[in-house]
Amino acid sequence: MKKKLCMLLALLLVVTTLGACGNGAAPASTASASASGGNPTDKTPIKVAVAGPLTGNYSEYGIGFDAACKIMVDKWNKDGGINGRPIELLSYDEKSSTEEGLAIAQLLCGEDNFYGVVGHFSASMAVGTLYTEERVPLISASSSSAGFTGQGDCCFRLNATISTETMGMLECAKTAGKTKLGVVYLNNDWGRNAYDNLKTLLQEKGNEDWEIVDAEEIAGGDMDYNAVISNLNAAGAETAIMFCYYDSVVPFTIKARTVMPDLNIVCGVNCYNDTFLKVGGKDVEGCMAPSVFAAVSDDPDVKYFVDEYKARTTQVPSSLTAQAYDAMGVLLTAIAENNGELDKEAILKSIQNNDYKGVTGSCSFSENRDATRNFSPMVVSNGQWIYY
Amino acid sequence: MFVEQLINGLAIGTIYALVAVGYSLVFGILRLVNFTHSSVYTLGAFMVYVGVEYLHLNIFLAILFSLVTTGFAGVMIDKMGLEPLRKKGASKISAMITTIGLSYIIINCLNIAFGSQIIRFPDLFNYGTFKLLGATIAWQQVIIGAVALILLVALSIFINRTRIGLAMRAVQQEPSAAAINGINVNMIISLTFFLGAASAAIAGTLIASYNQYLRSSMGDIVGLKAFAAAVLGGIGSLPGSVLGGLIIGVSESMAVYKLGGSYIDMVAFSLLFLVLLIRPYGILGRKGSTKV
Amino acid sequence: MILEVKNINTYYENIHALKDVSLEVNEGEIVALIGSNGAGKTTTLSTIIGIKKPKSGEIFFMGKNITQTSTHEIVKMGIGLSPEGRLVFPDLTVEENLRVGAYLRKGAEIDKGYEYVYSLFPRLYERKNQASGTLSGGEQQMLAIGRALMNRPKLLMLDEPSLGLAPNLVIMIFKLIKKIRDMGVTILLIEQNANMSLHIADRGYVLETGCVKLADTAANLRNNEAVKKAYLGG
């Protein structure tokens, strides 16, 4: 009796392992078949992924990435997918944690029929080498760390580097004709970096067009900004260059409006979002920011994206969200470009050499895989970001 | 510039003072650091928001609504969370941990109900600015400082000049002797929680109106600094709390003026550290018995 | 009978401090409660005034059952206590302490109270604006008694009023106790100084390890051999 039971168990074990092997093997074989032939009758989905924080402190970014990528993938699927094959979007929650992001990357690298990732937020600097080893293209819509693309030749950045963004902010100040700068920067790596970068930029330019009259390091968040504003006022600042997140820019701006009503406030791309406008209300009217994306644009592609995004989320897409949308566009175009030859190296090459025009403008990459971004000065008017 | 920064410091300092008084009141009576205080401060501001936004009350009724509900919440914190512990003779540490836990519960409820984002708050007293000795001063600051100061004076008169205030002081100094003089000690404790919570609610409302926004995390830093102010001035001492609040407010604005804004959160605790080295019971605090 | 204590049992956690204690106090009497350290004298007073609740037994004050009544209500009904260790409010002035004593009184009654207490203790009047924590031990004792009198209690309970006082002050305090009684206040008195207390008392109870061992008139107790030996120094 006991023996029989053992045999039965052993049999069961063999069967299940075989089954598991079979499951694993099947899609792999079709993948190789399609790779070699590009069989038009093959309906196996082509998988791509979006990873970002859907929960936790930075959830608003991840939720935006997720919605934008879905819109792009849906659009492609409506047009018949790639080579007749449907596109499947895998969506992962990075939970605002580096560890979680790394775990997701490992999971994705084990997927079959899988050709690229858009995103990562908290873990951007941790996952690049892994994807590069596995030859999986990673296109970040948000990273601004200098070393991001240096992680490997599979890491692309569809976001401005700090220098480009800062240059955009300086142009805002110049356009407004208020070039005496008071720099307000957050006391973290990013904020200090941005300020150092600004100083270097001005030195390179020979300091002609702009002058830094004051620089204020801030703790951010719910601090009392009056003391900082008094300093700016005394120094005679005309423009405040804000290297901080919108949750500091809004409180700062509200306070500044009372004491320094003429202060021109220039913030970074991260303020190009709906929440900034909503909570800032009348006080953020006149705030400037450089942006690669203008939701108010008449361009039909932009209109399609904005309308679709509004319909799905009731919000206007932010600049970073628009970049995620384009990143997915670049990825899918590159996959489609190779006539169904789903060769990873060929796809990487196509991404590198793309001439994709997206809602954020040209998405071509430099040699070191950073996108050249063209900023336009934007200003808040009647509760909307419009061209200055 | 100096005058301007001094005014900035005094304005925020009176707010710290108003919150610090709440810590002191409860500490004086129960010898307990009430860590729900910062969340009650936040709750107070949110209750005004609820009054205006959801109940469509005018702003004064909304503030009244907040005073009553927040004050009552303060009483409930004691009745439901702390009184049972006192009756069972639990240690001060368990009571303190309870207040930390309750604080998280309150903030989490606010998060669930309103989210963690910035919410705009009505600007109650924005009357522009005026010049004084070459400094630009916002009326807001003057009004906030004045309101807080009037409340502090009123509270001080209440405690020092009224029969109930006398009973509060008696309970503080010798709880066992208070009862045998006919004082209903539990009632006085509830009243103390009510006053502490109501003054926190006013402080929260003033700050929300000063900043013109609120959010569930608004009490985190203010709560800590006000606690530092209370200890700095001598916890349990009303004048001490006021002094501590003003000192911290002014030294913060001076730090921004002379050192830069990132020092703002460090000043309070550095000062606290220094003062406690020299005077372990705070500036106006005394060993053993403490006075409100 | 103004106070009747019937078979009370009081515990501190698992310490059985009072075991079936019964006693009676009649209106206008001075009743002395004597016993050695730890006998349960203070616990008896605490239980009467409701600071400690007995596990069993009943307490009646002027015919009303006050066993489960809260302390401030009992005080309102007319029992006053000058507690062991005085327990004055140290940061309040003398007059503020007296004011707390009159917490349940209003307007003119309070002023009358001050007059009454100051006439009994002229010393307190001289010191009325002094923080009571800085008073001498004897002065604090006067203040504790004065504070208890401010509420015009019908029954005044005194827990060791002469403790730590100089001999001349002890005599003064005992004279005062008689004077207070003559003004119509019933008195329940705890004293280490059994000799003195049995001299001014009408009746007395002897407490030993939580039990009432003897109950008799003061005169009889004074002449009781056992009492003489244990409490009256032979």
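Chains: A, B and C, in written order; residue numbering restarts at 1 for each.
In the analysis below, a contact is a pair of C-beta atoms (placed from the backbone, for glycine too) under 8 Å apart; a residue touches a chain by one contact, two chains touch by 3 or more.
Everything numeric in this text was worked out from a predicted model, so none of it was measured.
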Core chain by centroid distance, with centroids computed from Cα atoms only: B
Most heavily contacting chain pair (counted by C-beta pairs in contact): A-B
Inter-chain centre distance, chain A versus chain C - centres from mean C-alpha coordinates, in Å: 80
Centroid distance [mean C-alpha coordinates] between chain C and chain B, Å: 42
Chain C: positions in contact with at least two other chains: none
Complex interface listing, chain C residues touching chain B: 49, 51, 70-72, 75-76, 80-81, 83, 87-92, 96, 99-101, 103-104, 133, 147-148, 151
List of chain B residues in touch with chain C within their complex: 163, 166-167, 169-170, 173-174, 176-185, 289, 291
Contact set on chain B toward chain A in their complex: 1, 4-5, 8-9, 11-12, 117-120, 126, 128-129, 136, 138, 140-141, 211-213, 215, 217-218, 220-222, 252-253, 256-257, 260-262, 264-265
Residues on chain A engaged by chain B in the complex (per definition of touch): 184, 187, 216-219, 221-224, 226-228, 230-231, 233-234, 247, 250-251, 254-255, 258-259, 275, 279, 281, 283
